[in-house]
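Below is one structure, written out as C-alpha cells; comments come after it.
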Amino acid sequence: MTTRQNGRPSQLFRNLNAKIASIPMILTALVIFLGGTAWTVFYSFTNSKLLPRLNFIGLDQYERLWAAPRWMVAIENLAIYGVLSLIFSLVVGFLLAALLDQKIRFEDTFRTIFLYPFALSFIVTGLIWQWLLNPDFGIQGVVRGLGWESFEFDPLYNAEIVIYGILIAALWQGTGLIMCLMLAGLRGIDEDIWKAARVDGIPMWKTYVFIIIPMMRPVFITTLVIIASGIVRVYDLVVAQTSGGPGIASEVPAKYVYDYMFHAQNLGQGFAASTMMLLSVIIVIVPWAYLEFGRRRHV
Amino acid sequence: MSDPAALNVAASGFEAVAKDVSDPRGAKPRRVLSRRNIFLYGTLILIAVYYLLPLYVMFVTSLKGMPEIRLGNIFSPPVEITFEPWVKAWATACTGLNCDGLSRGFWNSVRITIPSVVLSIAVASVNGYALANWRFKGADIFFTILIVGAFIPYQVMIYPIVIILREIGLYGSLWGLVIVHSIFGMPILTLLFRNYFTSVPEELFKAARVDGAGFWAIYFKIMLPMALPIFVVAIILQVTGIWNDFLFGVIYTKPESYPMTVQLNNIVNSVQGVKEYNVNMAATILTGLVPLIVYFASGRLFVRGIAAGAVKG
Amino acid sequence: MTSVSVKDLSLNFGNISVLKDLNLEIADGEFLVLLGPSGCGKSTLLNCIAGLLDISDGQIFIKGKNVTWEEPKDRGIGMVFQSYALYPQMTVKGNLTFGLKNAGVANDEIERRVVRTADILQIQPLLERKPSQLSGGQRQRVAIGRALVRDVDVFLFDEPLSNLDAKLRSELRVEIKRLHQKLANTMIYVTHDQIEALTLADRIAVMKGGLIQQLDTPHAIYNHPVNRFVAGFIGSPGMNFLDGELEVGVSAVVKIGEMPVPVDRYTFNGSGRRTGPTVLGIRPEHIAFGDSAGAMPFSHEVDVEIVEPMGSDTLVWTRLDGQNLSFRVDAERPLQTGDRVRIGFDPARASLFDSATGNRI
Amino acid sequence: MRYRHMTAIFAATVALNFAAPASAVDLEVTHWWTSGGEAAAVGEFAKAFDATGNKWVDGAIAGSGGTARPIMISRITGGDPMGATQFNHGRQAEELVEAGLMRDLTDLATKEKWAEIVHPKSLLDSCTLDGKIYCVPVNIHSWQWLWLSNAAFEKAGVAVPKNWDEFVAAGPALEKAGIVPLALGGQPWQSAGAFDVLMVAIAGKDVFMKVFGDKDAEVAAGPEIAKVFKAADDARKMAKGSNVQDWNQATNLVITGKAGGQIMGDWAQGEFQVAGQVAGKDYTCLPGLGVNEIISTGGDAFYFPLLEDEEKSKAQEALASSMLDPTTQVAFNLKKGSLPVRGDVDLGAANDCMKKGLDILAKGNVIPGTDQLMSQDTQKQKEDLFSEFFANPSITPEDAQKRFAEIIASAD
C-alpha cells in the first residue's frame, strides 16, 4: 500500500452506527438464540429434574427419549401435520389468491373474510373448533339431528384421524395470511407476462404453473419460513383442541418438551427432546437459510 | 364462450345481439352469468362460508341462554337473545376468587401490547435497515441465526430467559415482558423490514449519503417516511401476536399485570360444573376484538405492505 | 491543476477483482466520461470516487486532498443518479435543501443557493411539488439541481440520461454541456452511450473488465482506438472488421483472402510491423463508393445485400471475401439489393489489430 | 370534579397504607383451584387470612397443576416469588427446597405443635426435609372412590352396585339405556389415577406398596397386576363414549345421569355439593371401589418461598397458622370435599361420604399418595401409558403391563 496519512479508521469502527443499531439483533442472536440453545443442549446431558443441575449422565436422556412411544407418536404426528399443512397452506393459499386476482368484485370483502381468523389466537381457534367438532353439540350432532343418524364426524375423538381435526383448524386460522402473501406476489408480477401468455394462447393454469409460480420464488420463500416455523412450534392449538388426546394420539414434539420440562419436572428429558427438535430444524434450515440470506448481493 | 348467442344475457345491448353472429362487430358481448363467473363466485362464496361459519356460531352461541344451547342446534339463530353472557364474560366471570371477568385483563393487555409493539418494531426496523443498507462483516451470520431462531419452540427458551431476566433484574416487570416480546418478534419482523428496505432503490440511499446524511438521518428522514406499508404489516403482526400471547404473559409477569388471555384461559378452563359455552364464546370474541378491529381498519394497506415486504428479496 | 486523481485503485469483492490498479488524473474543469459496457466497472469506479464504496487498495485525491477514507459528504462532490433518486416524500425544494441542512448551512444561504439553482435549471415553478408530480425530464433536472446546490467542485453523473426517452435525452445532453461550459466544474460522467460520451467529453476513459482500455480525447479514441474492443465499442454504425494476414516484405500488405490491401501509408505502432494474422478495421464512413472509390489505394467490386435507409444517409451491407462489410452512402443515392458497385478506402484511415491480442499494431 | 374526588380517595388510601404498614400486608397466593367447589374452598382460606389483618391477593391459574406449576417455578427461580403457593406435597417441590428457595417453617411448627395435631403423621413427613418443615399440609385427598349416579341405574333398571364387580356387570344394562357406564375425562392424569385406584382395590395394599413404594418391577410384571390390567380393560370398554376432557365435566355426566359412574378422588364430592345433590339419595360413593376400603392420604400443601421483606415474612407465618386453624380446616374441607389434616376437629357437618372417609382414616387403612411415592417424572410416564391405553383399544392389557413394568423398573 501507499503512504497513509492520519491512519485508516479501524475495521471495528467502520459503519459504527450500523453496528450500534444492530446490537439488539446481535445480542438476541448470540445470547438468546445461540446461548439459550447451547445451554439447552448442554443440560440435555444431565439428569436435571425441577432445576437445572450439572450432573452428567451422558446420552441416557436420548436413549429414553427414543424408546418413549409418546415421542414416536409425536414425531409421526408432526410429520403428517407438517407435510399436509405445508401442502394445503400453499395450495389453498395460492388458489384463493388466484381467485381473488381475477379482477373480481368485492375483493376487499372476500379478502377480509379469508384473513380474519388470523387475528385470533391458536387458543381461541382451538376452542372454536373443539366445539364445532364436538360430536354431541357440533357438526355431527347437528347432522344427526337432521335425521341422518349414522353420520359420523368426530375427528377429535377418533385417535386415527385426530391430527386431521387439528389440521382443519390450523388451516382455517392460517391460510388467510398465506393468501395475502400470495396475492401480494401475484400483484407484483408484470402485467405484460399475462399479455404475452394470452397472445401465445397458453391456458391459464399452464401460465400459473410454468410461468407465474416460478416468478414468485421470493414470496414462496417468505411463506415457507412462516409456515414451517409455525409447524415446528405447533403447541397451543393441540392443547386447546385435544390436550394431546384421545390418549396420546395427537401429541406433538413441542408439547412433549413442555410436558416433560414442567409437568414431569424432568428438565433433562425436555431438553433432550428440544435438542432433537433443534437438530432437525438445523439440518433442514441452516444450509438453506445461509444460502438464502447469507452470501448474496454485493452492490 | 362457445356459443355466445345462446346464453347472452345482454350486457352489450340489443344491437350487438341482433347482428349476424358470424360477422362480429362493435363491443364484444359479455355475460354476467358466464360459466366462468358462476364458478368463480360460487367457489369464493362457498369458501367464505367455511371461513365465516365459526365466527357465526360463536356469535350466535354467545347470544343464547344455556338451556337453549343444550337443546338446540348450534347453527340456529337464538330464539331469545340475551346479552347476559357478554356481561358475565366482561365483568363477572370468576377465576379463583376474582370475579371481574375479562375487564381485569383488558387494560393490562393494552399496557403490555403498546410498548411491546413499539419497541419490537423500532428495533426490528432499524435492524432491517442496517442489514439492507449498511452491511457489515458478520451481519449475515447474525441474521441467519436470527432466522433459525424463528424455528425454535418458545418452550425451550423459557428457562434461559428466566435466568437472563433474573440476572438483569427485569424478571416479573412489565419491561421484562416487553423485551421478551421484542426478542421473539425480531426474526420475522427483521426479515420483513430487511426485504422492504432492500427493495428501496439503492441510489436513494447513495444520494442521501452524498447529501451528508448519516445512519440515523437516512433512517429517520428518508427510509421511515417511505415505509408506511411495511409498518402497517408489522403493527398488525405484532398486535395480533402480542395481544394473543398467553405463555409469556403468564410466565414473565405477576398476576396484577396478567394480560386478557390469561383471564380468557381462566374463564374457559375453570369449569364450574357445566361448561358455559355462551360465556366462553362471548369471552373469546371479546378477547379477539382488538386484533380483529386492527385487521378490518387496516384493510388494503396490509396487502400492500405484505407485497412490499415479502415479494422482493 | 489536477482536480481528481485516482492512484493504483483496486477493489475486490471477496475473491473477485472488480477494479484493478486504476490510475486516473482529471484536470480542473475537465469533463471526463467513463464509457463501457455494463459490468465494466465504470459505475463502481464512480462510486469509489464518491466514497459510496470502500476501496481495497490505492488512494483517491480530490483537489489535492487525500479523501480515500473520507465520508461522501466530506469529499466536495455532487452526484446525479440514473433513477434520479429523489426523496419521494419531500418536495423539490426539500430535495434541494436536504444536504445543505445536513451540512448546517445557514438558512439565508440555503435560500440564496436554491434560487440560483432553480434559475440555472429553470425549475422555479416546480419547487413546491413532490417528485411524483414531475415528468422524467423534470425529475432529472431536479436531481442535477441537487448536485448543483451543493456548490461543489466535482460533479459525478451516474448514467443520468439512461431512463429518459431519446428526444429528452438529447435535449438534456445539450443542457448538461451548456451547464459545464457555464460552471466550468470538473465533471465525471458515467455512461454506456457512446454518443453522449463523444459529444460531452473532453476526454473519454473506455473501460472493460475493471481496466481502463484507453483514456484520450474523443477524436483520438474514435480514430486511433488502441484495441479491437475500443474500436468496436465506439462508433455507430460499428467499425468493420476484416480478418486477414499481414505480410511485410518490400511493402506491407494485408491480404484479405486473396485480395491484397496495401498498408504502406498506415502508421504502425513502433515495432508492430511483422508478418502474421491481422484484423483490419475500417469505419463505414471511411469507405468510398462509386467514382471516388477507384481513386483509393484499395478498391473492389461488391454486391449490395441489404440497404438500410437511416434518414440522413443510408447504410449498405455487402460482403468482401465472404466477410460482412457495411458502408455509408448519401441518402439520395438509389441503391438496391443485387446492385453491383465498386467500393474503396484509404488504409491510412484504417486500424490494424493483432488477431491474437486484439491490440493495435 | 369527579376525578378530583377519586384522587383524593386514592391519596387517602396511600396515606393509610403508609400510616399502618404492619396491619395490611398484601400476600400473593398462587394456586390452581378454579372449579366451583375449589374456588369456594379457597375463599375460606382468604377469609381467614384477611381476618388476621392482612390481604390475600388471589393468583389463581386455571388448567390444573400442569399449567400452573411452570409459572410458579419460574416465578420462584426468577427471583420474583409470590407469598405462598400451592403444591401437591410430596416430591414436587423437593428441589426448590434443596436450592434454598423455600422458607423453613420449623420454628412455627414447633411453636404450634404441628407434629401433634397433624394426622396422619405421614402428611407432615412429606413436608419435612432433613428434619426441617417446609410446607403446610391443608387437606387429605383420597383417590379411591367410585361415584355412582342413582338416577342412571334407576333408568337402566338395575340396582345401584355395591362394588366394582357389580358395576362392571351392570355395564351392558346402562349402555342399553343410552348411558355411558363409566365417565372418564380425557386428561392423562385421570386415566393414570383410575388405574392406581383399581390397583389398590383389586391387588391390595401390599402389592400397591411393593410396586409404587419399592418400585419392584417383578411384581409389576406379575399375575397380581395382570388382574388389575384386566379390570382396567373392562373400565376402558365401559368408558367408551365419554367425550369430555375435564374431570369435573366427567363428574357432571354422573350428576346429570348421563353416565353411570366415575372413578375419581374425593374432590368430586365438591361438585355434587355445588349441584345440590345429596349423598346416598342422588348419588352413591364407594370408597376403595367397594372392594378394599383403603384410602390414600395425598393432598395439597402450601409452600412459602423465602422472601426478603420482613413484613411479608411475618404475613407468611400468619397465613401458615391460619391454614391449620381448626375452624378454617373445617370450613375449607367441607367445601373442598376433602378431609382435614387435624384429627382433633369435629366434622359434624360432614356428609355421608366424608364420614365414610373419616372412618377409614380413623381405622388407619391408609396408604401414601402416589405423589409422595414417585417422582413427577415417573408419574408422567405412567400418565402417558394409561392415557394411551384407555384411549386406544388396540393396546392389549399384556402389552400395557409390559410397558408398565419397564416404567417401574426405571422409576425413581
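Order as written gives the chain letters A, B, C and D; numbering starts at 1 within each chain.
Everything that follows uses one rule, which is that contacts are C-beta pairs under 8 Å (C-beta built on N, C-alpha and C of every residue); 3 or more make two chains touch, one makes a residue touch a chain.
All values reported here derive from a predicted model rather than from experimental measurement.
*Asks:* Tell me which chain's centre, taken as the mean of its C-alpha atoms, is farthest from chain B.
*Replies:* C
*Asks:* Mean of the CA atoms for each chain, then the mean for all of them together: which chain is nearest?
*Replies:* Minimum centroid-to-centroid distance belongs to A.
*Asks:* How far is the middle of chain A from the middle of chain C, if each middle is the mean of its Cα atoms, in Å?
*Replies:* Once rounded, the distance between the two centres reads 53 Å.
*Asks:* Hey, how far is the Cα centre of chain C from the one of chain D, in Å?
*Replies:* Averaging C-alpha atoms per chain gives centres 89 Å apart.
*Asks:* Taking each chain's centre as its mean C-alpha position, how far apart are chain A and chain D in Å?
*Replies:* 37
*Asks:* Which residues does chain D have that touch at least 2 chains other than itself?
*Replies:* Those would be 70, 77.
*Asks:* Which residues does chain B have that touch at least 2 chains other than itself?
*Replies:* In chain B, 158-159, 265, 268 touch at least two other chains.
*Asks:* Indicate the residues of chain A shared as contacts by at least two other chains.
*Replies:* Residue numbers touching two or more other chains: 14, 258, 261, 299.
*Asks:* How about chain D: which of its residues touch chain A in the complex?
*Replies:* For chain D paired with chain A, touching residues are 65-66, 69-70, 73, 77, 92-96, 99, 186-188, 243, 245, 375-377, 379-381, 384, 387-392, 403, 410.
*Asks:* Under the touch definition given earlier, write down the residues of chain B that touch chain D in their complex.
*Replies:* Spelled out, the residues of chain B in touch with chain D are 94-98, 158-159, 162-163, 165-166, 171-172, 250-252, 254-256, 262, 265-275.
*Asks:* Any idea which chain B residues touch chain C in the complex?
*Replies:* So the residues of chain B in touch with chain C come to 201, 203-204, 206-213, 217, 221-222, 225-226.
*Asks:* In their complex, what parts of chain C are in touch with chain B?
*Replies:* Against chain B, the touching part of chain C is residues 47, 50-52, 71-73, 77-79, 81-89, 98-99, 102-103, 143, 146, 150, 158.
*Asks:* Which of the residues in chain A end up touching chain D in this complex?
*Replies:* 49-51, 64, 68-70, 134-136, 154, 157, 159, 242-249, 258-266, 269
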